[in-house]
Amino acid sequence: MENPRHWRLKKQRYALVGEICPHCAVKIFPPRDVCPECGLEAKTSYQFSGKGKIYSYTKMTDGPAGFRQNAPYFVALIQLNEGPMITAQLTDVGDEEIKIGSPVEMVTRKLREDGDQHGAILYGYKFRPVLQEVSA
Amino acid sequence: MKTNRSSKQGPAITGVGRIRVSEYWDRSISSLAAEAIRLAVSNAGDPPIDAIYIGNAFGTILSRQANLGALIAAQSGYRHLESSTFEAAGASGAAAVRAACLAVESGFVGTAVAVGVEKISDVVTSEAEDAKNLTLNYEYETAQGLTADGQSALIAARYLKTYDQDRSIFRSLVLNSYENAKKNRYSRNNAGLSPNVYDRQSCPAAPLGLFDIAQLSDGAAAVVITRAASVENGGNFRPVRILASANATSQLSIHDRHQILVYSAAAESASCALNQAAIRLKNIDAFELSDATAIDLILSLEAIGLCRPGFGWKADRLALNQGGGNIGRGNPTGASGIYQIAEAIDWLHGQPAPKTVFVQALGGAAATAITHILASE
Amino acid sequence: MKLLKPENPVGIIGYGAYIPRYRIKTTEIARVWRGEGAGPIREKSVPGPDEDTITMSIEAGRNALARARVAPESIRAIWIGSESHPYAVKPSGTIVAEALGADSSISAADFEFACKAGTEALIAGMGFVGSGMARYMMAIGMDTAQGKPGDVLEYTAAAGGGALILGPAAESAAVLDGAYSYVSDTPDFWRRQTAKYPEHAQRFTGEPAYFDHIGHALRTYLDETGTTAKDYAYVIFHQPNAKFPQKIAKEAGFTPDQLAPGLLSPFIGNTYSGAVPLGLCATLDIARPGDRILAVSFGSGAGSDAFSLTVTSKIDEVRALAPTTQAYINRRTEIDYAVYAKYREKIDFDR
């Protein structure tokens, strides 16, 4: 069981909290405290909107340990509206066509169990087809 | 990068040893490595050995064994010898070769063995496949249920979309790898692959099919490396010079890269090696490139500059992966970098013999790229 | 006076619904277990394999925050009523609070009272805000109800719920007029500590349980407030099926039109603790300023909460700020019993 590790990641995983570089204003996800663009310290936290587009995707017909019972499932590269790209599962994929460029939105879902059914439940971001366009 | 290395100081390979890539249910990781080491040393004419550098990717998890240096040196019959492990995923073997080059060229070590070993078959297949995913970023890729094959599939899907292609572009490349492997007596597969079977394959990570992904395998291969100046001619083995050795990295996670379709570590490592060897790409005679999946090979060809972007799948006139590569020969991950070197030497020793071979190993989705340029003289 | 009424007036400043995407037709369940058609509930909602009361509460909570237009750090309590908290021991509330970006200076608690846990959190929240201890709090009713395979409850045990943010009445989209709670020890439905599926006392769940408790709460609330069915634009009853709420509504003099907007069980099944909060969300989606809404929940074990609201003009400002309940109802992907069994972990892996 890896409780400390997952606990320290909770903010970013549950809610897509990343960072913004105070020097060059680049938005950063995953947070890493150093700006990947200008190399300077970047520790200011930043709440991402959770909106983005599918940059690439694949359908996993078999999953690794912890994910096997959920197969088949989609994993995608998501280009967030704010700029960064992240790797995430697609969820709630129904009849709509999944394709590169489709708009998606972040939801918080169960990722897997830590160890087995006795371990903690790990939650984190996934993306789904946009449910309903809502005025901001 | 400027270098002041003279050819005499430079490293040379004086012996090669390898076992057939396969599944060795009845043997241990140290037994496989020791056999390759002893074969290589014997091939080199039994010189005294000062160090063994081990390339291995998954031994800590699949064989539950750390400190392979002490284990393997002793099993190979050496006491008190310097020996430690180098890990760079699929480029682990190449990292061990580079360590040997640095060691002998610096003068700290007279003769070194670089051995790559992978023992997949100590566990059930699903656990071995899970180990392969260790090369991903655990917190941001593995945590999402991505696998190493899935990561390649994400790159491949984007490639097909960008260049408006479909998955048939992988076909001839894969069939060719299996065809080449038929002639490689250290290959896991010698029967080739019938187009019918290829066309009926399943797609575990679309758009990549089962045969577009190299099969995890057991293997061990070793080379003996010493300074070119101290090579005594006249033995059974015609020495091969290592003109260049270059390691470059890129972001581990593909989502952190500005251009997912550009294997920048492969490009950087290649240009650095070409500079070291003071040779132009067009003067290289043959290539051994990494292909954990078909898209790796395509993007390597593009990154190195052998094909224009979008045309890496059309490299049919190139002298490429004559041993079948990982796809044809089987992929003994941490050892594959040394199988590549061994296959390059087969090439240099063959007929008609090319003069220079460019060998590049990739770790992860080209997060690490290690290039060696070998020359017959 | 039996009425529960806070010192300072309290209202709902934001609301948010959640219903999972998957549906199974009751005829499909009947095909497996009976070989013939089922009752008036057409289909029920089924959570995806990566959903539970926590993830569903997070989404409903985000919707409520979007409508409330308040910073998550200003919420002082997140109380979640459910009979399907994912952990036997470990609060759902802390995970939901963290995901919503709430401050750590907060009360997070899980409520359990069978199907009325959600309204119980709401009434407790009225006291919390109405006393001045907190400016804003979030009450959630959410469930991923499980029915034993082949049991009559399997045809209706569904998933969904709603989140309600309470705050000062002056800021609210609907003012809470007051509330009343009625409980007694009545063992009509229960689930023991380590049991996967609940048990029920069959016909005993009707008259002595549902109708007696809802009837008491309803009559008392109307008496205490001096109101009758005609004073309300809409009414929401707990809806374990389609028949029970229709029967009590008719007996109490409510028309089918008053009941319709908040009666979701025919379309998505019984969302347990989520049912009344979700019915309320659906009703607020269509209510006009000045409308009065009456809601009466029921929880086995047993008890009933009655409360009413008066919709304010703010409703028109907040309604469009998050997806409607109908958007969730319309988003449906039908699954068969095999996929349902997989998603609901009814297949034993002996793990």
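For reference, chains read A, B and C in written order, and residue numbers begin at 1 within each chain.
Simple rule for what comes next: a residue touches a chain if its C-beta (ideal position, glycine included) is under 8 Å from a C-beta of that chain, and two chains touch if they have at least 3 such contacts.
Quantities reported herein were computed from a predicted structural model and do not represent experimental measurements.
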- [ ] State the pair of chains with the top count of C-beta pairs in contact.
- [x] A-B
Open item on the list: Per-chain Cα mean versus the mean over all protein Cα atoms: which chain has them closest together?
Closed with: A
Open item on the list: Need the CA-centroid distance for the pair subunit A / subunit C, whole Å please.
Closed with: 29
Task: Distance from the mean Cα position of subunit C to that of subunit B, given in whole angstrom - done: 59
Open item on the list: Distance between subunit A and subunit B based on Cα centroids, please, to the nearest Å.
Closed with: 32
- [ ] Could you check subunit C for residues that touch two or more other chains and list them?
- [x] none
- [ ] Enumerate the residues of subunit A that touch no fewer than two other chains.
- [x] 70, 89, 111, 126
Task: Sites on subunit B touched by subunit A in the complex - done: 126-127, 129-130, 133, 139-147, 150, 153-155, 157-158, 161, 202-208, 253-256, 260
- [ ] Would you tell me which residues of subunit A are touching subunit B in their complex?
- [x] 5, 9, 13, 30, 36, 55-68, 70, 73, 75-77, 84-89, 100, 111-112, 122, 124, 126
Open item on the list: So in the complex, the part of subunit C that touches subunit A is made up of which residues?
Closed with: 20-21, 48-52, 54-55, 58-59, 66, 86-87, 90, 95, 98-101, 320-324, 327-328, 331-333, 342, 349, 351
Open item on the list: Which residues of subunit A touch subunit C once you look at their complex with the stated criterion?
Closed with: 10-11, 14-15, 17, 47, 69-70, 89, 91-92, 94-95, 107-111, 116-117, 120-121, 123, 126, 131-132, 134-135
